[in-house]
Amino acid sequence: MALTKEQIAQRIARELKNGYYVNLGIGIPTLVANYIPEGVEVVLQSENGMLGIGPFPLKGEADPDLINAGKQTVTVLPGGSFFDSSASFGMIRGGHVDLTVLGAFEVTDKGDIASWKIPGKMVKGMGGAMDLVASAKNIIVAMQHTSKDGQSKLLKECTLPLTGVARVKKIVSDLAVIEVTDDGFRLLERAPGVTVEDIQEATEGRLLIEGDIPEMQF
Amino acid sequence: MALTKEQIAQRIARELKNGYYVNLGIGIPTLVANYIPEGVEVVLQSENGMLGIGPFPLKGEADPDLINAGKQTVTVLPGGSFFDSSASFGMIRGGHVDLTVLGAFEVTDKGDIASWKIPGKMVKGMGGAMDLVASAKNIIVAMQHTSKDGQSKLLKECTLPLTGVARVKKIVSDLAVIEVTDDGFRLLERAPGVTVEDIQEATEGRLLIEGDIPEMQF
Amino acid sequence: MNKVVKDAIEAIVGIEDGMTLMVGGFGLSGIPENSITALVNSGVKDLTCISNNAGVDDFGLGLLLQKRQIKKMISSYVGENAEFERQLLAGELEVDLIPQGTLAERCRAGGAGIPAFYVPAGYGTEVAEGKEIRIFDGKPHLLEHALIADFAIVKAWKGDTHGNLIYRNTANNFNQSMATAGKITIAEVEELVPAGTLDPNQIHTPGIYIQRIFQGTDYEKRIERITER
Amino acid sequence: MNKVVKDAIEAIVGIEDGMTLMVGGFGLSGIPENSITALVNSGVKDLTCISNNAGVDDFGLGLLLQKRQIKKMISSYVGENAEFERQLLAGELEVDLIPQGTLAERCRAGGAGIPAFYVPAGYGTEVAEGKEIRIFDGKPHLLEHALIADFAIVKAWKGDTHGNLIYRNTANNFNQSMATAGKITIAEVEELVPAGTLDPNQIHTPGIYIQRIFQGTDYEKRIERITER
């Protein structure tokens, strides 16, 4: 069974280490906040200018001056702080954020990523994605392994305009956990019930399969 | 009579316009604050990180966390603010300070200035002088017209290491008020009792004397 | 040092057709609502707007787009606005898309007298086209240039008569860097107080950057995406 | 996210001979007194210190100079210290003098991942020697590079257990930009409070930049030049 979006988020959450500052992108990455393991304390950064993102506000308590990068209303946790956009991206660019989790349309076995623009569709802009991709110390991509019509999104070369080059370190897809190495995609884990062959078939880029590939547990 | 240091400061104070943000250097420039004309409101900037420098503190009220760029204890006026050094020099470099007043060892008729280093003497460093000189919208130099042994300090070329090139707009010396133009020093005013000939003799750089040169009034 | 003007109408005097404006805010948060309304009513046109976003159809910069007052947007993300899309596809609107962090830093640099600087964002992408690329510490970077504007328009929570500003929460966003980069900077505030009221240690934007300030009225502070537990 | 260490001795663990340190402060204002004392007592040597000033003979970085623990100073102004002068003239100490604003910006750039930027300061002077010169808008500028340090040591007024810092008055100075540019940054504070105590809108240095924080003791806060009315 391919992972649900919630399970992708849950699996990524296991990558969080105590003391991490983490930037979670829009979509599946946002869900990661719901699965932070017991005993692991992390601080969430939002690139529009805050540290210490808390849960969504209680009903009726949404504050128009307190939103995340996805423009959702949020709260701030004790120890949080607010700052301006240039300071916020200084933090990101300077490598102070330990982990960045974001979505992607396509990723290559060299770590290239396409995530912001589909030719022929409305161009919305890259927002902070290029800054995050170019500067993050560690990037995990949350994505679907294939398109709706079964085309692989883990490629040799991106077909879509790039967000960044050779920056992705790890991918958690609905089928697998994959590390991006100098030699290509390295398969680390399989989704429950998904075979190595299923993953190989869904992966266009170079896939390294070494030894026994464990199944993810949920 | 050559002007006293106090009179140089007093004369420079007349250049202040209502609404100006002003950075006053160490020495004679600091004294300018004592002669701000009635009805002229200015805000004084200190490059270590404040706007709104007030008078020296009352006896016993000096605050070690509240000093000016000359490391003197000061006070802050209502409407003042504190900020870090990079923000402070951003303000200066970005041309937001309307007028900078500083001292100099030598100035040339092209507006070059030497003010920070005397070969053979202990090197103390340029502090913020190069930043101020390079970026100020308008620079007035407060200086002695000649050295103690009578050598002109208003030169064709500086003999000392430069602080900046072609940046000085006006000089108030103990002998004269001089504008730096494309054609050289232009004599604007004489100190009381000082003749045009005295000033010519004390000025090595090209001095333009056009029409009647008024005497300063105190 | 009193910089107070009566209202948004007085604040925007001098904004002319074809000028470049910086407009603070992220999404609909921290946008200068009063000034935008005054610009709509003024009929000024052919504006180039530097703003992270372009508002929604009926709020924020969307109001200026509706009236076709904007010639060009310089933004990082503009996806919330159907009229924007229509004008863009019809070739009626130019758009320059810039990575968000680069945009913020270019505004800060404009205010801080730094004409250009190097950043890694956009290397290997279409953002790098035509830009100088230089390796620092083994990593490629792009040369990016400062932005300045004829007018910057920002929104703060509290401000004083000297123009000192304090922003609230994430409504700071682009306001602080843009406030430094306007040849003339207009600030509208929710609460205008006399100079000396605000703690000088807590000023986000020192008054030196502000030429005009006014007490705004009738803030809607619309929320783009209410999310609640 | 608790970053509290017991004291300065614990805070400076890992600072080794030959390392580069940034040390906050302007003159004697806002200097990390406790950490400097701990460094003196640790006997660590051959340090490169990036600090706007070099203290006075018997206070601030002057204490490290006395013990010959500093190999090189990177500063803008160092004129208050006879021992400094002696070591410099004797060739025992290297000094790299940098315009103050350029120094501050190089620290900020180091923290903000900007490897290099252009500024006008120093053009036509000996500061420009060996540097790339480039014209922007008709005006020559120098290419200046980011600074980072093995450890940055800063002093704040208030801090919390997450490392959020608030500085007081002009004791902010270089502390804020240096705090961002240490591979490890140590903060000593006059008052250490639990996370959640400080107003999140009023943090000068967000805790993300701070790896170790401690409550300082026995602050002398010496005044270099008392001037009174």
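In this document, chain identifiers A, B, C and D correspond to the written order of the chains, with residue numbering beginning at 1 in each.
The rule is simple: a contact is a pair of C-beta atoms (placed from the backbone, for glycine too) under 8 Å apart; a residue touches a chain by one contact, two chains touch by 3 or more.
All figures in this text were calculated on a predicted structure; none of them were measured in a lab.
Chains that touch both chain A and chain C: D. Between B-C and B-D, more C-beta contact pairs join the chains of B-D. One simple way to say how far apart two chains are is to compare their mean CA positions; for chain B and chain C this gives 36 Å. Computed from the mean C-alpha positions, the centre of chain B lies at a distance of 29 Å from the centre of chain D.
Centre-to-centre separation of chain A and chain B, using mean CA positions: 55 Å. Centroids built from CA atoms put chain D at 33 Å from chain C. Residue positions 50, 76, 82-83, 89-90, 92-93, 135 of chain B are each in touch with at least two other chains. Touching of two or more other chains is recorded for residues 105, 108, 112-114, 119-120, 167-169, 200-201 of chain C. Chain pairs recorded as touching, per the definition above, are A-C, A-D, B-C, B-D, C-D. Of all residues in chain B, only 19, 21, 41, 43, 45, 50-52, 76-83, 87, 89-97, 135 touch chain C in the complex they form. For chain C in complex with chain B, the residues that touch the partner chain are 1, 108, 110-114, 160-162, 164, 180, 194-196, 200-201, 203, 206-209. By the touch criterion given at the top, residues 105, 109, 112-120, 134, 136-137, 139, 141, 145, 166-169, 200-202 of chain C touch chain D in their complex. Across the complex, chain B meets chain D through its residues 46-50, 55-68, 70-74, 76, 82-86, 88-90, 92-93, 112, 122-131, 133-135, 161-166. Chain C contributes residues 26-30, 52, 75-79, 85, 88-89, 95, 97, 99-105, 107-108, 119-127, 157, 167-177, 204, 221-229 to its touches with chain A in the complex.
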